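Next up, some structures in structure tokens.
Okay, so subunit A shows up in both of these, paired with subunit B first and subunit C after.
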Partner chain A sequence: MSVIGLNTEYQAAIQHKIDQKTKPVGSLGLLEDIACQLALIQSQKHGSLVDNVSITEPSVLVFAADHGISDEGVSIAPSAVTRQMVLNFINGGAAINCFCRSNRLHFKVIDAGIIEPINDEYPDLVKQRLGSGTNNFVNQSAMTAEQAEQGLSFGQQAVETLISANCTILILGEMGIGNTSSASAILSALTDESVDKCVGVGTGITDEQLIKKQQLISQALSRFNSKDPMVVLKEVGGFEIAQMVGAIIAAAKVNIAVLVDGFIVSTAALLACKIEPNVRNYLIFAHQSEESGHQLLLRKLAAKPLLNLGLRLGEGTGAALALPLLTAAASFYNDMASFEDAGVTV
Partner chain B sequence: MSVIGLNTEYQAAIQHKIDQKTKPVGSLGLLEDIACQLALIQSQKHGSLVDNVSITEPSVLVFAADHGISDEGVSIAPSAVTRQMVLNFINGGAAINCFCRSNRLHFKVIDAGIIEPINDEYPDLVKQRLGSGTNNFVNQSAMTAEQAEQGLSFGQQAVETLISANCTILILGEMGIGNTSSASAILSALTDESVDKCVGVGTGITDEQLIKKQQLISQALSRFNSKDPMVVLKEVGGFEIAQMVGAIIAAAKVNIAVLVDGFIVSTAALLACKIEPNVRNYLIFAHQSEESGHQLLLRKLAAKPLLNLGLRLGEGTGAALALPLLTAAASFYNDMASFEDAGVTV
Partner chain C sequence: MLMLHKFSIRSIILLLALLVIVTLSLSLGFGVAELGHREVWQCLTATCEKSIYNTILWQIRLPRVLLGFIAGFGLAIAGALMQNVTRNPLADPYLFGIVAGAGLGATLTNFLPPSLQFFTLPLAAFLGALFAVFIVLMVLIKNNWRRTEHLLLAGVAVSFLFSSVTSFILYMGDAFSTNRVIFWLMGSLARADQTALMWIFPVVFIATIVALLLSRQLDSLLLSDESARTLGVSVEKLRIGTLVICAALTAVIVAYCGGIGFVGLMIPHIVRPFVGLTTARILLGAGLVGGCFLVWVDVVARTALDGQEIPIGVITSAMGSVFFLLLMRKM
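Showing the complex of A and B:
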């Protein structure tokens, strides 16, 4: 089964419904675009025009993994912090946990391949390990082709439990020391944009570290010459990125909208769009992060992000913060009076 | 009682608490500013540093009134629509009602002086009428000095019921055909910025109407020469604007944070700051609207708006949409683990 494009024959009826609401035409800005996109996605799913947009069981999946490139000292923290943060997620102490509670979102963290596994079992922890961190991709492939393929399957598997729970909005987040290096390399490889434009300071490295990060990524990209998304993923990707690509494609296949977080998740979205172009219809971009490269990537995907709060944390935090805007868009689409209903002069 | 400036001796402790959270310093962007501001406001109220920020009983007050200038045909709709929309608010059919439901906000609409009063009583309708619409301010004062003063008292009165309900966040909205003309005139009068820069298309007038709107406002401003906020309010203000000024000052006096909506509410906030400069400490700017003049006004108040969604509706919609960001800021401030709590390597 592949991802199906949206049936645009519903578009006119959806737009008419929005334009009849008691407000000047277009005055709800981006919220109108979101309402229209959700109505199209859900009409596609139901096979006919839906009267109402449903936001049910919105769920955050945070994929965590380690990266061989972090040995090079181009991150603000050592790889050990990835595992420490996974434990923080499990204990409910991270920013994403706070935002899940305040915005009533389900939460799971997936060990996609951190260095040292967590032996105990926890209700919020899913183990889908592709290995103990990727290889340092500077001089060798980050992972094997088999690991990349298995990553897509694992991502799909994580979404299957959400499908049976009637989830209509999937939020993806990530944790992985070193993963902005991987994301920058993917962006440059897929788009031919220069490494300089694709690499940023991550969560806050020095200028010296930044130059080294750019050099290492250039070196890695000189190892191969392909725009094939599965090759790029294998060569410079990460285990969490591979699984997010699989999750995004799996969600789009069953008409679940994907609320995309920051730079890392956006590169997974870009890979997913290269594999299945119709995926783009199911993506909603939550925010523009401070990471340079993200703005470039958003332009490539013709995305209009909902928020611009100066975030640079990851974990799905920007997407979790944007969820209430989707709920509000559904609310006005479903419940706002029309001019006729309210007796308001057009 | 006047509005007291915030005690900045708490600032260092608040910032330290934020910087010890399990995230790179500053990585939650504007949310960190909001958490800090709310903690300062609530510490001021309690007379000592608060451990937690409380968002309790957030409430929307929509002030509605009519404007004599709408006789000039510089709006997209006739004055009758103000009353029709008040009935729509009462019946729960407007955009602001939808957003109050989706974000769990209390709601009241205040008749501050629409042309034809609503005779029946409704639980969500408060009647504080200053008259049946203002005078057309082109050739005469919009209201008397007594009406302007009474407006401030009425605004204060509306806030008093919220104080007894333990509201910590006040959201203001407005409805009034013609009120962007009034807001533009106030902005130009208070700041000496040219009428051209202060006047926009409102919810969507033609170029011809825009030129006429600018001419009429210039004519009105030539009638008087004063930057006294009470004079400006009397000369070119509106009944809903007068009451919002009173509400903002009353909220700031008792350390309630005010979440400011779009252009019209921002001009009320500007007037309030001119009357009581410490008011500025209690203001949080929800969004940047599409209305030209709003951006200028936000710069004058050194405001960093939380949202930029292309909204141009009013009613308090932008502020209602931003409330979950305040809740999220409180959530991370209160509940997120510190590096020490979580055993995460600094």
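Showing the complex of A and C:
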């Protein structure tokens, strides 16, 4: 069973229902697209046209891992910060924790391979380590083909519990010092866009660091010559990216919509679409990040992001902030009166 | 070379079919330990333990195994055709200047202005390979095919010419692009995406059919040019046609997989004692064995070194050269 394309036989009925609401046709803009997409996904799941779109158990999974390339000094912070932030997530002190509380979202952080493991057990921490950080991908493969495959499998594992909890929206976030380098390299390798266009300032590096980052990524990309998503993932990817690719594919297989956060999660989404093209139907893009590569990537996926707030944090914050818009889209689809119901004639 | 008549053709066909099936199914089981042979078997016979295994199996492992099989098939039949058409046991599409031509094409892509970006590396490599073949054929047609050995000699000369131009450009160029071309030249099945299969499969398929249709005429060529002529075969046309088929086969495979040397040289020699000399038999025999061979070489390339993938061309060339030397000793 691979990811199947959305059954478009319901499309006309869903669009008709939206157009019959008491509003000018198309006047709710992107919310209409979202409502239509969610209705299609949920109709697919039930095997028949659904009357109501439900948003149940929306859950945030933040994947954390370390990157060998951060040894080169291309980030504002050292690798140790990844682990410190994971502890911060566990203690409920990070930005994403606040947004989860304000929007009533379930939250889990996944150790996909930070350098130093966390030994204690916590209810919000899932340990699916692929190693102690990736290799520095400038001169060698970031990970082995086995680790990449295992990453996909772990990604599915993380989604399993959500499936049994009847979750309908998966929200992905990430934490990993150095992972914008990885994301830029993946984007450039998959799309043939020049490295300069794919590399940005990350969470805020200097011009000198930026030039160095571009050079290192060019060097890494000259090591291999492939557009194959698994090869690209293995060569320049990250453990958290690998697991997110698996999570996205696994969610799409069981008709769960995926709310995609910023640049790094979008890169995982791009990889997932290259592996299973039908995954694209299940993706909703939450926001457009400040990172220049993200804008390029969104264009490549023909995505219309919901928000543009100048965010460049990661952690899934943009996606968590966009969730109320999905709830609003569901609510107008379910409850708004049609012209017939309201007796309005135009 | 001695013929082994103890195998009937039926048992050979059975053996080859078995080899192909075993190769294709077993090679799928190499990768992450969690998805090994037992789990692959479960996926094939029932449903997968985890739905992500479907993706790993069908979208990731299968295309690569298929590409390896088809590339090996194509290279081996190109080698078998060349050996039969030149009646030279050392003929190999790679001695024909094809790889050097492809390498030059690949190198030149680094210097194209952005407006010519549609000349991607595979396309440029393909054109370079065809250009090399064109030069070799021109030389031979000019001297009226006085000796078929000239084909190999001209091929070697063209190889050296193109390699030297490539080396010069790489020497002058920047290190990153040099890396890119060198890694490509070492050969890999890592480009195993849908586009690669989409281009390679039809070419290999059509070339195989055409070669099989020509097999009776090619058989007559095995005797000698004169005998073939007396049997009503137009030798020059047949030879050029066959060489063009070999060129197209090799060029398209080299374009996507880089330099995978010596498969075309050694596989026909390995199968000849078992299946016989006639073209149709050796084509199918060499193709199937070549395909299986490359699949297994790729398994070794993927798994031998922990964390690194060995370029597949390195392994085939190393094995091929030793084989070549042993072959020379007997001749």
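Observations
Operating definition for what follows: the second predicted complex is superposed on the first by the 346 of 346 C-alpha atoms of A that agree within 3 Å, B and C clash if a C-alpha of one lies under 4 Å from a C-alpha of the other, contacts with A are read in each partner's own complex, and residues count from 1 in each chain.
Operating definition for what follows: contacts are C-beta pairs under 8 Å (C-beta built on N, C-alpha and C of every residue); 3 or more make two chains touch, one makes a residue touch a chain.
Fair warning: this is a prediction, and the values are worked out from it, not measured in the lab.
In the superposition on chain A, A:L325 makes contact with subunit B only, while subunit C stays out of contact range.
Once the two complexes are overlaid on the shared chain, A:S226 sits against subunit C while remaining clear of subunit B. In the superposition on chain A, A:N119 makes contact with neither subunit B nor subunit C.
Of the two partner chains, subunit B is the only one that A:K23 touches; subunit C does not reach it. Once the two structures are superposed, subunit B and subunit C can be ranked by residues of subunit A touched, with B on top.
In the superposition on chain A, no contact is made by A:S164 with either subunit B or subunit C.
In the superposition on chain A, A:A342 contacts subunit B only, with no contact to subunit C.
The contact sets of subunit A with subunit B and with subunit C never meet. The touching residues of subunit B, counted against subunit A in their complex, run 21-31, 76-78, 80-81, 84-85, 87-88, 91, 93-95, 97-99, 101-103, 203-204, 290, 306-313, 317, 320-321, 324-325, 327-328, 330-332, 335-337, 341-345. By the touch criterion given at the top, residues 31-35, 47-48, 50-56, 58-60, 117, 121, 175-180, 183-184, 188, 190-193, 302, 306-309 of subunit C touch subunit A in their complex. Listed in rising order, the residues of subunit A touching subunit C in the complex are 1-3, 135, 140-141, 143-147, 149-150, 152-153, 155-157, 192, 218-219, 221-228, 230-231, 246, 249-250, 253-254, 275-276.
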